[in-house]
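Next come two complexes, and both contain chain A; in the first it sits with chain B, in the second with chain C.
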Partner chain A sequence: MPKVTVDGQELDVPDGATVLQACELAGKEIPRFCYHERLSIAGNCRMCLVEVKPGPPKPQASCALPAAEGQQIRTDTPMVKKAREGVMEFLLINHPLDCPICDQGGECDLQDQSVAYGRGASRYHEHKRAVTSKNMGPLIKTIMTRCIHCTRCVRFSEEVAGVDEIGALYRGENMQITTYLEQAAKHELSANVIDLCPVGALTSRPYAYEARPWELKKTMSIDVSDAVGANIRIDSRGREVLRALPRINDDVNEEWISDKARYQVDGLTRRRLDKVWIRKAGKLQASSWNEAFELIAAAKPGKDIAAVAGDMVDCETMFAARKLLNALGSNLVESRQTGMNYDVSNLAAVNFNTGFAEIENADAVLIVGSHVRWEAALLNVRLRKAAKSGAKIFLVGPEWETTYPAEFIGADVSVLHDLPAHVAEAMSKAERPAVILGGAALAKGALHPALALAAEWNLVRDGWNGFNVLHFSAARMGSLMLGFAQKGGMADIAAAKPKVVLSLGADEMDLEPFADALKVYIGHHGDKGAHGAEIILPAAAFTEKSGTYVNTEGRVQLADKAVFAPGDAREDWTILRALADALGVSVGFDSFEQLRAQMIAEVPALGHEAVADYGALPKADMSVKASGAMSYPIKDFYMTNPIARASAVMQQCSAELLHGEALPEAAE
Partner chain B sequence: MLSRGVCSLMAERAPAPDTPELRQRWGNFTWSTENAEQAKVVVARYPAGRQKSAVMPLLDLAQRQVGAETNTQGWLPLPVMEYVANYLDMPIIRVLEVATFYTMYNLAPVGRYHVQVCGTTPCMLRGSDDILDACYKRGMRKGHTTDDGLWTLTEVECMGNCATAPMVQINDDNYEDLTPERLNSVLDALAAGDTPKAGTQESGRHTSEPSGGPTTLKDMVKENHDYRGEW
Partner chain C sequence: MGILSKIFTWWDGATIGTSLWSSRNGKHVGTDAQGNRYFRSKKPDARGRERRWVIYAGANDASRVPAEWHGWLHHSYDDLPESHLPPPKIWEVDYTPNATGTLSAYRPKGALEQGGKRARATGDYEAWTPDA
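Moving on to the complex of A and B:
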């Protein structure tokens, strides 16, 4: 713990800290462009200059200078002020002063720091450099004349994403940031470079010229495009969500989000269900709430009613639906809409127990049946960190392109019963071994064989639980906590032959077995579920209601309402509450607060914004043998949910990045 | 307004366009038998797992092989860079970064002889403008290859031969102490397929020792003289 003095204030800093970090600990703001906490140190922008004694009598780049015992650091001397002004003047030499037409305006590091640390006026009268803008695909808009060569984007793609695609060509004044042959950036986290870019060189293409940051209402929310539960901020204006940005949460998403989480939001205004629809003579016709409720009541479901939850619903909606069904005497609730029927008697066995932050410390990982890059792009970042610090990673399942050294040991799940010797040895000898079971493995009955391996390898040990199930549906853990599961899965629901099936945004379910039932779709997008329904009740998307979500780690998180649902659409719980009246039963809540209080009373863990405790792992049923070739449920990363399928941006990404279609560029 | 075009040629450096013709011509590039051996030797110089360190010598080797195949100084078509990236198991963008950073790698085709005239201050003061003029008179243009494919002219910054300025670098050799006449005789010899003497072109001078003989430490010329007693 070196002791340093910052502007006369003595403090201890951790070993290995830099002078910049020491200054931050002392509460001093150090301007910077190239330095970023989560990237390697480049030291090329020179904005973080401070005066350090002992040392040469000149300002030093604090980001790249280790803090050492007895250093006297000054951030407030005339030398530092002059140095910052000088660096800023150099940075602005080639920077166009086009802030009025730049999308970064108002949230630009260069703009802010030139106001705070720069000279008032320019002394530069010569020509400015101009750089041709580069194509980086449908998500990233580039105006490379604005680039100040901090190389954050280069370091991000190399270090965090693990996809070396952005580079700095040429040198000195001629340096240019580009992808190879201006190909589109193709990985799932590519748009994070937009947040990293301290200037307006890389900006969001779909959001181009849409709004200024100061006109936007900012709402804290949770991403529902996968089960990671990334913390996001919804920026909205009026009734429209304009963009989603990551919030920092080191336990979940650090400060990244996947491209889908970021860009599916334009789907919130397309293909929306904004009025009640009823199928009459085979055709859906616009109708009224009363008529719809009367029709449902006329079906006299009694206890023959089932509810199927979709992948993006919040806990409150599911709880309200279950209350309604319980009041009618039914408990036919299920959330695993694709028909999976893994054992959920103990939730610890279907939870990501290690946690995202801890999985970085694993030293041997066996991934069974999960395309991690597509099912949980942010977990893949963590696995890459583990691999970089030496973890051995083995995968069972069809091959996909990993971003770290990893070995595929077979596509058939039966390999779990007969693991190659080197894999078994690496796992059993590891200090912090982890198994990650994906949806493809659960579908082939790999849960108990994996639990058997967990016992054999002693995955649960002091301070470490290495048994993980990785879901890809944002609603999954919440639904299981609320009992939205039958022993036999959807087959049990079908076998009960319900008269009425409530689909809570369930777009992936097979409607075939329910041909005779009255199918009521309560959701927000005109997708597969709505197409097969007799009655459509328009509901709210995740940005249009407050809700509780539980991610695959069992982490309970709250999302706020950002905008109002369009047209006649209502928040889901109010629809279910009104339906209870129509069916003549009482569900015991009249307000959202009452609903949430009841839910917390029944499942107390949902009341704490923390990781739920599911207890110890169950004993493995050794008689269960898994077999069969696995196939990943996600066929197209950009098209996994109704919002994304409605999103023009996601459609373009799917066509251009995954299916290689060359889309004509708009003529200028 | 000041012109910022001092190194304008470097700014124009851009990889030759990725065309079907380029792919067809160079897509099947592989090491020649000797170069395959040499590439192994180069890679073996670096610790295991650090084979990427060999990218610079291997790019040079590839450029020379392309040169041998096209009877030019050689250059680096994109498919060849991709081959090197593949050979070293590294991302192509990292190879392209290296190739575009160093001006010794030619990104576009050059002629048989790449005439690089130094125009930095010492050479300029010693007459590099005349050297350039001599080049122009032979039909060379900066950044272009002559029609006969013999010469490519580039103006470059300091090559570290200031003591024997002005100088040009032609492929692997430097020709120093130039006058237009001396340059012409060098170029004539090259054009005739001869190998002119590299280094200083001034008769009586060996390397970069003071012109007209040493002015200090004269006693050291013949034998190792101990000056210490004279200080």
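Moving on to the complex of A and C:
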């Protein structure tokens, strides 16, 4: 722990810290452009100059200088001030003064820092350099004249995303940042460079010229496009959500979110269910709440009522639905709408026990049946970090393009019973081995064989639990905690022949077995579920209600309501509450607070914003044998949920980036 | 115009009283392109000035008086328009009364009455319909 002095204040800094970090620990703000906590150090913008003794009598770039014992660091001398002004002046030589029409305006590092550290006026009269803008695909808009060559974007795609997509051409003043051959940036995290870019060179294309940061209302929320539960901030104006940005949470998403989480929000204004629809004579017709409720009551469901939860519902909605069903005497609730029926008697066995942050430390990982890049793009980033620090990664399942060295050892899940010797050896010898089981593996009954391997390799040891199940839907862990599961999955529900089926945004379920039932769709988007329903009750999307979500790690997180639901749509719990009245039963809550309090009383873990404790892994049932070729549930990364399917941006991404349709328009 | 509406309404042309009074005390001096008839009093009034008036053919709307007759009515000049104004040029458009407040008022292309659509604004959404 070297001891340094920052502006006369003595402090100990951790080993390996840089002078910039030391200054931050001392509470001094150091202006910077190229330095970023989660990227390698480039040291090319020179904005972070400070004075350091001992050393040459000139300012030094603090981000690239290791803090050493006895250093005297000064950030407030005239020399530092002059150096910052000088660097700022150099940066502004070629930077256009188009802040009034620049989308970065108001959230631009260059703008802020030139106000704080720059000179009052420009002394530069010569022409500015101009750079042609580059095509980076449907998500990233480029105005390359604004680039200050910090190379954050280059380092991000190389180091974090693991694809060599963005690079620099030419040298010195002529340097230009571009994608390789100006192809679109294609990976799932590409749009994070927009946040990283300290200036307005890379901005958001769908959001171009939509709003200014200061006119937006910011709401803390949770992403529901996958089970990672990335922390996001919803920026809205009036009744419309304009964008979603990542929030920093080192345990979950670090500082990134997937492109889907970021750009599906435009789907929130399309294909919305905003009134009640009732099927009359085979055709859906606009109707009223009263009529719909009367119709459901007339069906006299009694205890023949079932509820199926979709992938994006919050815990409160599911709890309210279960309450309603219980009051009617039924417990036919299920959330695994595609018909999976893995054993949920012990939730530890279906949880991502290692945790996203910890998985980085794994030294051998066996992934079974998960297209991690598509199912949990942010977990893929962690796995890449693990691989970079030497972890061996093996995959079972159809091949996909990994962003790290990995070995595919077969597409058939039966490989688990007969692993290649080198894999078994690597896993059993590893200090922190981890197994990750995806949905495709669960569908083929790999849970117990994997538990057997867990016992064999001793995955659970002191301070380490290497047994993981990676879910894909944001509602999954919450639904399992609320008991939204039948032993036989959807088949049990179908066998019970319910008279009324409440579908809580379940768009993936098979409606065939419920041909005779009155299907009531409570959801926010007109997708498969709505088309097949007899009665449609418009509900709120995840941005339009407060809710609790549990990610695949079992982490309980709260999301706030950002905007109001459109038209006649109501928050889900109010619909279920009103339905209880119509059916003449009492559910025991009249307000959201009561509902939440009841839910927490029943499942206390949902009351703490922390990782829920599910106890120890169960014993494996050795008799279960898994077999069959796996296939990943996701066929198209951009089209996995009703919001994304409604989103024009996601549709364009799917067409251009995955299916190579439509020529990318020339950048200009 | 039937005799009944002549008796009971006052918004089109002259009432019976005015017509009678005009035929007794006025002299019809001319008619404009819309058929409005212009009168002059036979005798000067108390201030020694001649009175001039118009009886509309149709709606009593002052903006229906064309410019040349407007000048005469307001004593801007004494001669009748035909006798001292140059004949209208062929490129002059016909006089049109003020349409404000009437159905034929001008409405720009985007006006809602023209079936125009308002521009997209925040909060707009596209609702789902079963046939979509």
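Keep in mind that, in the parts below, the second predicted complex is superposed on the first by the 662 of 668 C-alpha atoms of A that agree within 3 Å, B and C clash if a C-alpha of one lies under 4 Å from a C-alpha of the other, contacts with A are read in each partner's own complex, and residues count from 1 in each chain.
Everything that follows uses one rule, which is that contacts are C-beta pairs under 8 Å (C-beta built on N, C-alpha and C of every residue); 3 or more make two chains touch, one makes a residue touch a chain.
Note that the coordinates shown come from a computational prediction; the quantities given were computed from them, not determined experimentally.
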After lining both complexes up on chain A, report clash or fit for chain B versus chain C. fit
Kindly classify A:K444 by the partners it touches after superposition: chain B alone (first), chain C alone (second), both, or neither? neither
Going by the contact rule set out at the top, does A:H525 touch chain B (first), chain C (second), both, or neither? second
Using the touch definition from the top, say if A:H149 reaches chain B (first), chain C (second), both or neither. neither
For A:H371, using the defined touch cut-off, is the partner it touches chain B, chain C, both, or neither? Pick first, second, both or neither. neither
Between chain B and chain C, whom does A:G567 touch in the aligned arrangement: first, second, both, or neither? second
Quick check for you: in the superposed arrangement, does A:K141 touch first (chain B), second (chain C), both or neither? neither
Per-residue contact with chain A, leading partner among chain C and chain B: C
Between chain B and chain C, what minimal C-alpha to C-alpha distance in angstrom results from the superposition? 40
Just to be sure I follow: which residues of chain A are touched by chain B in one complex and then by chain C in the other one? none
Interface residues, chain A side, partner chain C - complex: 237-240, 242, 268-275, 277, 283-284, 525-526, 530-531, 566-567
Mind pulling up the chain C residues that touch chain A in the complex? 122-130, 132
Residue positions on chain B within touch of chain A in the complex are 1-2, 4, 7, 10-11, 13, 18, 78, 91-94, 96-97, 100-101
Can you list the residues on chain A that touch chain B in the complex? 125-127, 129, 164-171, 174, 179-181
